[in-house]
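What follows are several structures.
What follows is a pair of complexes built around chain A, which joins chain B in one and chain C in the other.
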Partner chain A sequence: MSGVLWPWAAAAFRRAAGAAALLALASFILGPLLTLLVWAFAGTWLFPNLLPEFSLRWWAFVLGNADVGKAIRMSLLSAPTATLISAVICIPAAYAFARLEFPAKRALLLSFLSANAFPKIGLYVSIATLLYRLDLMDTFTGVVLIQLVNTLLFMIWIPTGTFRGINRNLEEAARDAGAGPLRTFFQITLPIALPGIMVAGLFAFIAAFDEAQGTLIVGTPNHMTMPVLMYNLVLSYPQPVGAVFSILLSLPSLVLLLFAQRYLRAGYLAAGYSL
Partner chain B sequence: MARLDLVGLSKRFGLHAAVRDFTLEVRNGELMCLLGPSGCGKTTTLRMIGGFETPDAGDIRIDGRSVVALPPERRPTAMVFQRYNLWPHMTVEGNIAFGLRLRRLPRAQVDAKVRDVLTLVGLPDVGRKYPHQLSGGQQQRVAVARALVLEPQLLLLDEPFSNLDARLRVHMREEVKQLQREIGITTVFVTHDQEEALTIADRITVMRDGVAEQVDTPSRLYANPQTLFVADFIGTMNVLPARVHRRDGVVAAGPWRLPLPDPAWPDEAEVSVAVRPEDLVIDSAGAAAHVRRVMNLGHYLQVLADVPGVGVVRLFTDKETPPGEGREIGVRIARALLFKDGRPVEVGRTDSPPATMSSTPAPAAPRGAGLDGR
Partner chain C sequence: MRGAGLRQGALGLALVLPPLLVLGFLVALPAVTAVLATLTPDGGGGPTLANYARVLAARTLRADIVFTIGITLVSVAVVFALSYPLALYLRFSRGRAARILGVLFVVPLFVPVVIASFAMITFLVNHGLVSTLLYRAGVRAFPRLVYNGTGIMLTQVWVNIPFAVLILGAGLQAIDDALIDGARDVGAGPLRTFLSIILPLNAVPTMIALTLLFIGVFGSFTIPYLVGGNAPAMLGVTMTNYLTQYLRRTEAVTIAVLAFLIASVVGAVYVASVSRRERGAA
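Now for the complex of A and B:
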């Protein structure tokens, strides 16, 4: 009845409900980030005030801290190293998974997933005992090794899918034109797969960069990365310190994301896939 | 250029024998079509010639030299695939120059060759473009150019136009034929489209289940198919079940009686009668048929007629005397091929009486439009 008499009311209600849902979603996603921003630039924040007084003093404090500098250096060294090593290991493996037939192929592919199928902390502890035997505890190598556990998954799965998606005819045409298998891989297959590999590298970097549990076990006390230091800072300092550090922590991934987006959209890569 | 010999080639995939003891000679400068339904082994054969599949047995010789042990990059062959030919991350120039650069040709020479071959395929201005900026037809032309620029001894084409629309396909195959004649390159062309094969090939190999059914020129394949499969596969054919009546000296196909070509054929033997639509003639003295449908195919009419005891037959007739749909007509067989145990015997054609025929009561009829007239 009312729908017939008041069609405009029903439409307005739908619009309002839609707007409310959007607002709720936006605040759910952006709310925590906004709070983080506010806290990061907060000086004193007393009860009746809606916003704190603006201050950069926690930034000065965080950036002036020697541990923080060391952790940033450690993170910016270890995460790219882990990403690079995993690329060198995984891209040939991904190509093999995509193109070759060999025994136990499926089982092997699944084994890369298994590292992520169980609670990691148990895995890290057992790896730690191994590293202890090998005298790799509290070393850069140890930290990179533990970060590799997280990167392997992305660097195998995404490029395997990418290589599978490349039509064999493209490679066969290169062989036909006189290129050997290696040249074909480097000049034809790899460039065509590059967008997928970039995405995999991005995910792998973020996974390595964010890794805290394992690094905490393997790297303390002298090889702390940023996420590990985060535990210390949050536990021992006032709230704005954690907020400032969170922003620092998210900067590299943000920069990489923007870069990847630009790169992946550019030119032939976006358009050139299907004929 | 080159001559290609395939000798006893075999290839299995698991339990499936894709190609079985396949022997073929392709002459110098010839355009040979491998024609057959999907799964007949034609593409596998082509890929073995190109080096993309390794034969289980047999030999591949180009100008008498065995290439079977060579990888694709060392064979004097160039292949054009059905699709996904061009490398999307390179310009047209880059695509064509790839093989030339591998051969370490000087830059000026590479540029000149790329320009020449692009002109040859009618696309002089696309060098700087990327493949996705070209239409499907242009992409395939560039693929042909990329194959030709390396001056291979043997050009291999794997259904290169099957992804193009019908008009473009017809246009492209004429172009390729023209090009092939011009440069006189020995070519193996794989297709499942008999019309395509009939129009461009010098000779056709009809394949089925991994073996060659018949190797012949298009007109001979049409007029003298050696197996029932070829008869049915090439052109349009009415295949009618028939039975030998030895006492009466005839072969009975529905209402029709054809002279028994060989008195030694056993009574009641089952044979097949293959009749081209143009060899079924409307004649009031012929067998009764009921016209179901009349279709105008441009230069002639196609009539579908119900013949009791046989089913629907297809016949071509000129537009002078259009039979009305739903009417009763008489239909006579002017010429037919009898297939007994897979081997053909021609009956009804009086201008070249086969030795096995004793008498030919069927009246002489001028041969209808054959391949050349269609």
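Now for the complex of A and C:
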């Protein structure tokens, strides 16, 4: 009897264990975010009530705060600047890494990993001491430079992979038909590479926009971006303030993600994060 | 022909030069000036290790170093232990649960670390959601989950699981199904197949994941700053405090260079592993 029941019981057990694991992971990942979401609409939330007393008054407080407006402006100026600068200097370089032969090519490509190979905060502290000497602390330039630390790698490596994946025959056919190298690049290569470049741009923007620890050191007190202001809000205001601001801070990345969704298949995600 | 090759070489270098200069300014130059600055004594004179001796003489700093390495190792181990099974599951399962998990686990990627830390605090803090649920369930005594090492570790796990799963998963995706079926056909069980086929074939992505995790946790600031306790602190917090609170730049940079030294072997293994994967792909 047990010999007949056993496989069925084992399958049921496996299924239950799988469901339990799924549930545990889901609550671990979504639990903190849901708590945050509820806090953003809470007036007061007293222990041990399961739900707060809802209110929108903290939204008025956050949106009416002058520092918040300033930080939003600083973020919306610096992150696109850093993304654009890295796109302009990195995309031609990525093309060169993919298509041209030149000395020390491999070593130079690998050197872009160095930003990842150092403990980030140590790097920021070292950059800060350099910026002190150059009088770039608490300047817009300093903030953009710090953000570039995180954008270069994405903008070099993802487009390099994309350009490598493009069939050379297409470019050669255009050349045979009489197009010059620049025309071939802009009319053939670049349009085909666009999805990869978009994904690189998205990652670069998110990395620049979310950069907090370096900007805290370099941009305080007059060039604070949204994530830097978030440190202050978390440490010195009631919880709903941080929660409301968290939602504001997530909006740009979320909008971009929805926008770029069709480019973001799993393969591209992996490409961005296996650097 | 030779002229064309030279021209291509020159063009390639010219195109690569601008981002390389920016990189040099942002990574190589600060790192080198930092090392040189820490070796120069305040009063002038030849190179000396006096700064290091002074910084390391402080017992609190030595405690911070031990704490940082400990938290880093535990966090990496927990992330890895959770991520590898998840990556395997996503690679070899086709059901609805796998699809849901496949979407769910990437969520933390798109949450800025500052928000993740704050969300973790509201979730885990005394009188937060977890303690409310435990209280309602009748559990009145449980260890503190936040403003200490446990909080740092849990938040690091939350933030880093997607990275690890994506890197490991990309490696697993590259393993040919035929190899795994072949192993099954000659009678290897799941464990045997994992140990003798999957694990070795996925060794390079595994090294990349482990080294990146180590460097990421070791060099973190936001999570220990917001979710950690006062003492011992992780080195990221310590060096930032020296720089911005105590205004002691030399000490801050000395601690930064110490952090570089501790993580240097791991950093080298990371670059070597990516280099090996590149060679395989190119």
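Note that in this section the second predicted complex is superposed on the first by the 242 of 275 C-alpha atoms of A that agree within 3 Å, B and C clash if a C-alpha of one lies under 4 Å from a C-alpha of the other, contacts with A are read in each partner's own complex, and residues count from 1 in each chain.
The rule is short, and it goes like this: a contact is a pair of C-beta atoms (placed from the backbone, for glycine too) under 8 Å apart; a residue touches a chain by one contact, two chains touch by 3 or more.
This one's a predicted model, so the numbers in the text were calculated from it and none came from an experiment.
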Have a look at where A:32 lands relative to chain B and chain C in the superposition and call it first, second, both or neither. second
Is A:260 touching the first partner chain B, the second partner chain C, both, or neither of them? neither
Classify the contacts of A:180 with the two partner chains as first (chain B alone), second (chain C alone), both, or neither. first
Which partner does A:77 reach: the first (chain B), the second (chain C), both, or neither? neither
Contacts of A:172 with chain B and chain C, given as first, second, both or neither: first
Looking at chain A, does chain B or chain C touch a larger number of its residues? C
Taking the two structures together, which residues of chain A meet both chain B and chain C? 269, 273, 275
Which of the residues in chain B come into contact with chain A in the complex? 50-52, 71-74, 77-79, 81-89, 98-99, 102-103, 130-132, 136, 139, 143, 146-147, 150
Chain A residues within the chain C interface of the complex: 18-19, 22, 25-26, 28-36, 39, 47-50, 86, 89-90, 92-93, 95-97, 100-103, 105-106, 108-130, 132, 145, 148-149, 152, 155-156, 164, 206, 209-210, 212-213, 216-217, 220, 227, 230-231, 234-235, 239, 242-243, 246, 249-250, 253-254, 257, 266, 269-270, 273-275
Which stretch or stretches of chain A touch chain B in the complex? 167, 169-170, 172-180, 183, 187-188, 191-192, 194, 268-269, 271-273, 275
Okay, in this complex, where on chain C does chain A touch? 5, 8-13, 15-16, 18-20, 22-23, 25-31, 33-34, 37, 86, 97, 100-102, 104-124, 127-132, 135-136, 158, 161-163, 166-167, 169-170, 173, 205, 208, 212, 215-216, 218-222, 225-226, 235-236, 239-240, 243-244, 249, 252-253, 255-257, 259-260, 263, 267-268, 270-271, 274-275, 278, 282
